[in-house]
Amino acid sequence: MDYVKSFLETDARIIDLSADFRFRSANEYAKWYGTEHKYPELLERAVYGLPELHKEAIKKAKLVACPGCLPTSAILPLAPLVTNKLIDLEHIVIDSKIGSSAGGHKADLSTHHPERAGAVRSYKPTGHRHIGEIEQELGILTNEKVKVAFSPHAIELIRGIMTTIHTYLKKEIKEVDVWKIYRSFYANCPFIRYVKEKEGIHRYPEPKNVAGTNFCDIGFELDSNIPRLVVMSAIDNLVKGSGGQAIQCMNLMFNLDEKMGLWVPSLHPA
Amino acid sequence: MDYVKSFLETDARIIDLSADFRFRSANEYAKWYGTEHKYPELLERAVYGLPELHKEAIKKAKLVACPGCLPTSAILPLAPLVTNKLIDLEHIVIDSKIGSSAGGHKADLSTHHPERAGAVRSYKPTGHRHIGEIEQELGILTNEKVKVAFSPHAIELIRGIMTTIHTYLKKEIKEVDVWKIYRSFYANCPFIRYVKEKEGIHRYPEPKNVAGTNFCDIGFELDSNIPRLVVMSAIDNLVKGSGGQAIQCMNLMFNLDEKMGLWVPSLHPA
Amino acid sequence: MDYVKSFLETDARIIDLSADFRFRSANEYAKWYGTEHKYPELLERAVYGLPELHKEAIKKAKLVACPGCLPTSAILPLAPLVTNKLIDLEHIVIDSKIGSSAGGHKADLSTHHPERAGAVRSYKPTGHRHIGEIEQELGILTNEKVKVAFSPHAIELIRGIMTTIHTYLKKEIKEVDVWKIYRSFYANCPFIRYVKEKEGIHRYPEPKNVAGTNFCDIGFELDSNIPRLVVMSAIDNLVKGSGGQAIQCMNLMFNLDEKMGLWVPSLHPA
Amino acid sequence: MDYVKSFLETDARIIDLSADFRFRSANEYAKWYGTEHKYPELLERAVYGLPELHKEAIKKAKLVACPGCLPTSAILPLAPLVTNKLIDLEHIVIDSKIGSSAGGHKADLSTHHPERAGAVRSYKPTGHRHIGEIEQELGILTNEKVKVAFSPHAIELIRGIMTTIHTYLKKEIKEVDVWKIYRSFYANCPFIRYVKEKEGIHRYPEPKNVAGTNFCDIGFELDSNIPRLVVMSAIDNLVKGSGGQAIQCMNLMFNLDEKMGLWVPSLHPA
């Protein structure tokens, strides 16, 4: 926080990977981080560093605050749906499955192999601090208050997040129109891909298929039993989290090819 | 189906592990299995073989139809909540994470190790046929129509299911009262355990900790951000699925100790 | 070491799980542990706590020093071969594959899940301190100097060791005679099992099949290309290491059933 | 075999990924493959497609027979040692650890996830047919008969082989001289790397660190207890097996940069 303040007084353009400047509201920051923000007046100078949502603002930004992997995996599949007023904003359930590398480099009992291997572990079923960012970004898109249910799960995996989002539809929609909404919303986003096949074993997004890449794969399915739309995303948390976002934002800020340094294929099988 | 019909004419007591007699309604059977039931008149003679819900009926039953692992992992944590009218029946989201052994013994591409290992795969995000059973059993408990959103995910795991259930509360409730509801509902159920710790890495149910056993571990957490109650269960699909259920039902039907042959400890770490 | 000394002055019978009293020679202790033994005169009072080799001595012992998992997995399959002068003592190669729980409870980078998962890691290809014990025990059996090549490998596994031992035969032998040697040597050893099938996928010992148990599964195969005999063992390092050995030794020391508390089945699949 | 014969009559240059033309001797082919070679007269026209050993011959070859992953992982670390007459040719023990993708695309019980996951399985401890190729190539280098002990093990891993080779030294050698032998032998081989660190957790070759690449990482350690040299290699079987070899050979045959299409970095952690 102090560094960012001092850098703002220089000519430098800043890409911040911490959570300090992701919030537009100092109250929200205090609510989720349990401490007052020291420089609330600076919050309005920051741009939320998710290129798929704020590309033009990032290009001109002095300070970009890049989101981490979990909010990325939730916001990207939801953004087109809330923008298009398609879903019930009161009942959005985000259920994430996440690999061990998301916990960082520090070894402790929770990442000790005999305990972590083979785990399917709910570690923060309610109250996760990234909820605040997700609600903020979706709220901006739809101009309404959004409240999300978000529960991440640690599973046996090193790299990767798969996020399943259960939404309830406000009105009926056809599959072809869901396709149109996504394709239109992410028309100029090279790292958004769609995975939705009728057969085979890779019909929906899967972390294995994005490992090592900056892609966010998105898929969906309509439910005929209840008016529900399930949307799914897969990312590699070590790339399309704050790290890959930082590179992608830097490319935009310095008028470079957005894909530079990030355009790598993935392995299969992995 | 034909075997069951012929056995019903004998003195035998029948424990059926197929899906043929799990439904009370022939229409529901036809809806989820895509074919007409050949003996709709026999459906009323079957008891749904989940001992925690139908113990007395099972004891006297001529025909018991044991449910499989996925419905078990969903119905058990939900039953006390719907019975006590605690949750919004229109917005129940069941998100399951499941090991490879649930797919059975037959090898195909979906279980081929290079494809299946490290997978986080949504294979039936909507329309899974076990939804019908879950809706039936919860509906019976609450005397209202229940519609559930159910999405299972194949993850890297051999044995085990973890099911996370996202529910919305009809009215505020205290944690102590959630405890009371569960403890009262499952007062005489030796295979129901609760896992809910304030600290440590095993705060909620986890498949590793029930591997090889007939236990259904249940945990929960209230959400202070929105009126939500998250309930979680963990079972070993190869025991507390139709197989373990069959043994437990047999014990009840023949007036044996309900736990006989099933009272084994689990390993840690596993 | 000091505790053992003080306990030896009491009536207590002692089962030591440390490495302090496993060696018969203070020189060997100093060689492998890099420090002088404080009570070399006590070494002769200890019995090496491997019941399959020293059952009668353990029954009467005042002090039993239980070996850990790696020496157990190497000594048991080799003991019948060296005792029967079957193999070249100059060229014994022991290649072990071992799970993460062998490293104990303390979390560090080497057991940090993102680094440890999927590892196939040689961490001590030469100079492992357990070589000394293996050479001692085999030397006692054959009354000759034995030198072994021993290299353990950390692999993706929580519980279990598989040890492959490559031996060169002194003279030709038929398969049936290898069987006889093993069956005769371990005639009264309830925890030794043999795994050697002509077909199927479980033809040789495998850690999965002993997980949670005190069994040491042994298998072998003769090589027709060169005069070689490959012997293999599988144990669960958390049972048939020093822990399970301690229980088995206690049973013997107090005239209890050797199998008491240890006679549990294993899971399949696991 | 028939295709190769017919292609040899054209102007085409042939890269064969089958085992048909890897042997120089029709007798050896018959011994290991259990059937007579149909065109023994063509064997002398083929070059064994391991670029690190036969680069000049491959450049001019009409027919190149690329070896698979297991022989590659064994021959490359051994070649400098046998060429320099450093090791006892009678006691070479090759112990390989291999991932599931080496078994190919076809699903069966041995690759069925519930059986294959967590496996440490010896499936061919003696008599593996790739022994013939290894003995041939090492014999050519040293002009002596070489007989190897070779035992592969299936372990929990998708991509990758780690091969540990236990050799006995003919005479004492210093570590610095082992380094010189390797560096000199592979002076112009871009895909050979050395991994040998004094500390840290990545001190020796490991499959994780070559996943997705054409590298063969080599490491070694001298044993001070007995005159032994342990050499280790790690490759990705899906690249530096016959597939990557074929590309590398094609590059050489057509005077392209040997690294073309193969010069990709690996992920960490993976």
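Residue numbering begins at 1 within each chain, and the chains themselves are lettered A, B, C and D in the order written.
Methods note: a contact is a pair of C-beta atoms (placed from the backbone, for glycine too) under 8 Å apart; a residue touches a chain by one contact, two chains touch by 3 or more.
Keep in mind that what you see is a predicted model, and the values were worked out from it rather than measured.
Colleague: Please give the intersection of the contact partners of chain A with those of chain D.
Modeller: Looking at chain D and chain A together, the chains touching each of them are B, C.
Colleague: When the contacting C-beta pairs are counted for A-B and for B-D, which pair yields the higher total?
Modeller: Answer to which pair has more contacts is A-B.
Colleague: Measuring centre to centre, with centres taken as mean CA positions, what chain is farthest from chain A?
Modeller: That would be chain C.
Colleague: Just the number, please: Cα centre separation of chain B and chain C in whole Å.
Modeller: About 43 Å, centre to centre.
Colleague: With centres defined as the mean C-alpha position, give me the chain A-chain B separation in Å.
Modeller: 32
Colleague: I'd like the Å distance between the centres of chain B and chain D, where a centre is the mean of that chain's Cα atoms.
Modeller: 50
Colleague: List, in ascending order, every residue of chain A touching at least 2 other chains.
Modeller: Only 101, 109, 114, 118, 156, 158, 269-270 qualify.
Colleague: So with touch defined the way it is at the top, what topology do the chains form here? Options are line, ring, star, complete, other.
Modeller: Basically all the chains touch each other, so complete.
Colleague: Note which residues of chain B are touching chain C in the complex, please.
Modeller: Those residues of chain B that touch chain C are 101, 158-159, 211-212, 267, 269-270.
Colleague: For the complex, give me every residue of chain A touching chain B.
Modeller: The contact residues of chain A facing chain B are 91, 93, 95, 97, 109-110, 114-115, 118-123, 125-127, 131, 147-149, 151, 153, 155-157, 160, 162, 164, 166, 168, 201, 203-208, 219, 221-226, 228, 230, 232, 234, 269-270.
Colleague: Name, in rising order, each residue of chain C that touches chain A in their complex.
Modeller: 99-101, 105, 107-109, 111-114, 116-118, 156, 158
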